[in-house]
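Below you'll find the structure, written out as structure tokens, and then a few comments.
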Amino acid sequence: MKILLSYLRFTVLLFPLLAMQSDKPLRVIFFGDSITQAGVGQTGYITQLRAMLQDKGLGDQYELMGAGIGGNKVYDLYLRMDEDVLARKPDIVFIYVGINDVWHKATHGTGTDYDKFLKFYQAIIKKLQDNNIRPILCTPSVIGERTDYSNEQDGDLNRYANAIRVLADQHSLTLVDLRKDFQKYLEKHNKDNEEKGVLTRDRVHLTEAGDKFVAEEMMAGLLKK
Amino acid sequence: MKILLSYLRFTVLLFPLLAMQSDKPLRVIFFGDSITQAGVGQTGYITQLRAMLQDKGLGDQYELMGAGIGGNKVYDLYLRMDEDVLARKPDIVFIYVGINDVWHKATHGTGTDYDKFLKFYQAIIKKLQDNNIRPILCTPSVIGERTDYSNEQDGDLNRYANAIRVLADQHSLTLVDLRKDFQKYLEKHNKDNEEKGVLTRDRVHLTEAGDKFVAEEMMAGLLKK
Amino acid sequence: MKILLSYLRFTVLLFPLLAMQSDKPLRVIFFGDSITQAGVGQTGYITQLRAMLQDKGLGDQYELMGAGIGGNKVYDLYLRMDEDVLARKPDIVFIYVGINDVWHKATHGTGTDYDKFLKFYQAIIKKLQDNNIRPILCTPSVIGERTDYSNEQDGDLNRYANAIRVLADQHSLTLVDLRKDFQKYLEKHNKDNEEKGVLTRDRVHLTEAGDKFVAEEMMAGLLKK
Amino acid sequence: MKILLSYLRFTVLLFPLLAMQSDKPLRVIFFGDSITQAGVGQTGYITQLRAMLQDKGLGDQYELMGAGIGGNKVYDLYLRMDEDVLARKPDIVFIYVGINDVWHKATHGTGTDYDKFLKFYQAIIKKLQDNNIRPILCTPSVIGERTDYSNEQDGDLNRYANAIRVLADQHSLTLVDLRKDFQKYLEKHNKDNEEKGVLTRDRVHLTEAGDKFVAEEMMAGLLKK
């Protein structure tokens, strides 16, 4: 009897420790558009992030997966999230979307209305949380690297980024504020106010330096809390 | 004994008939945008259709419900279909969408890309069929009533309408080809090639005559097969 | 002396005739966008038209010049007409514009409003006529070759083409109704309802066959009246 | 004879002075869109500016005229400048345009391309200068009063405003930098980051306070140099 009690006590004490030392790494999905699609490439931000985690000795703790498709807007993510996200049973999902929602207004007449953007974004958050998945929100980085707020879509991007910031706050979610981070970085490193060539090669898609920068910001978000 | 047999035989013969005369009416939901939202108004097409069915002695067989929201595009229907359609357990759902998907390209820069339109439309059909609900597809009526194909969005609307016709064919679904029906009607009744005032009051939203016309076309679709 | 008088009389009588048979050919400028810019290329419609006129023995009577610039809309023509048209003192000017005015609405958000299109078009006609230059109007050909009115911009193009038809009528000007001509030709030669590959290589810019077809239509317009 | 010479010399010396003290006031035209059209209203900026000049005792020196038409973009100004500006023989012309060039991209698909905007703007400057008229350039004020650069068109407006600043500099013209002035004012007086209600009643068109503010800025520009 005494032995049994001892054993039980031991088990109970040990239990949280065992849970934490689980062999299974956290599965992390990056859910987004063409930037994320390229993220799994040789120098893509997901690939670079994986290497960074290994360098820190955290390689075993995270399993990183890409789920980016070019041209995707927020409702495209919603439509394919069962198949491309939930079915893969992740623990954490980075939502990195919004650029096409703004950009395609000007180039195709098929952007996303602000209120609809919010609705779908919230629906994605809800569905992830209903499945016990932790969402990490990212603001859309840039369409153009000029730092004096003279890139054509700056105003609209800022507006959608603000909305994501509010959502992160309301739901107490980790925020990777790429838009703010890019602005700060570019104020230092884009002295000639060029519209591309520093973090992006074409105003939107990342250079290797851009991928590195995003990987660092993503890591900070992942390790937070 | 002979009487009993007779009675039984009579009952057996009668049975299919009784089944058809089931007490429970078929629940029909009209799923769409502002035209359908107005459809439940005093002279709206759903209201008029209900009266027409009663006149035909079919009032007990169909229960009509509106599920229209102004400004809705195909992906808005998809987002809210669990709550607004599936939860109400309909037998039949009319999908009447596409006008805003085309129109908002020009007025807000937030229309729906053709390929995305198809994807969401198919997803709606699939979800209805997975729930044993019969979809009836409608082509988008008009943005402008001119009959010489000189309404600004005619080309694009025809393209989206063609896609819906193909979907109806592929899935062997009933099609209410409003776009084609409107064109035929207007060729007869819009001799001055006016852009509004016959079936619509503002190029899109229906006059009472327009609601009557849609009600008739919907009834034909409903009673088909 | 008598002989001299005779000679003089003869000359005087002959003079108007000589004037009509002037050695100086009529100078014809084609004023337009990228289609006209390509029109002076090796197989361009202006080059082909020049050859056709020579085949007909009319080579000496017409001097053809191109004045097309890619991306031009009606107001671009107006802005540069002093330099690119009036300064070259033409007798006849073909105005072939409208495609970008409609197309750029969808692709750049920078098309031309219908009423503004009319205003600038009329201003161009007026300025030409004030300078004793004969304008010949052309309707915009196509953006997409499908014949069932399902090319995205068909409705809008038809609307702008209608306006040009009315202007030609109001001002009693020769009209080369390219849009109507293309439609007729394609109904015969585009049986599979393809959106490109018959008269255009990319829905807008002409194949060699397209250039030939335009050259023929332009010749008919040039020789009319 | 000596007296006569003296008199002549005196006159010659006096002449420039007399010219400057001419009885004839300087004719000033405000050339623009709906904001300028409203500028001649009871509380419009032109009306308020006239009163301000009178208060300063400068009422006799300036004759102010409005030439604003709602919906005008840069090329509309160019098209009507002979009739509405040159024919009235002004000494000074304020060019206040650009809002619709940017705004109508999103609302009608008919904004003005950046490079075309520049071309027409330069053509207006040139035509004024060729007629010995002094242009004063104004940057476009605002579409939305939020101060954190989150108004939808902020980026694009900044870009077009930058272009006007460069033009003013290149041509050594007086610049009324309304956009910068508004931003500064709003940072002080729009603490809640509202998108309208301070200097505008609807994000674009001026409140009485807005008209007063513009009048003050215009006066500073007018009296400069």
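Letters A, B, C and D mark the chains in the order given here, with residues in each chain numbered from 1 onward.
As a working rule, a contact is a pair of C-beta atoms (placed from the backbone, for glycine too) under 8 Å apart; a residue touches a chain by one contact, two chains touch by 3 or more.
Nothing here was measured: the structure is a model prediction, and the numbers come from that model.
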Cα-superposition angle relating the copies chain D and chain B, to nearest 5°: 175
Type of chain B:chain C copy interface by residue overlap (half), same or different: same
Chain pair with the higher count of C-beta pairs in contact (A-C, A-D): A-D
Rounded Å distance between chain B and chain D, as computed from the means of their C-alpha atoms: 54
Where chain A and chain D are represented by their mean Cα positions, the distance between them in whole Å: 46
Averaged-CA centre spacing for the pair chain C and chain A, given as whole angstrom: 54
Residues of chain C touching at least two other chains: 105-106, 108-109
Pairwise touch network: line, ring, star, complete, or other: complete
Contact footprint of chain D on chain B as seen in their complex: 105-109
Chain A residues touching chain B - in the complex, by the definition given at the top: 75-76, 78-79, 104-106, 108-113, 116, 119-120, 123
Contact set on chain A toward chain D in their complex: 105-106, 109, 144, 148-159, 162
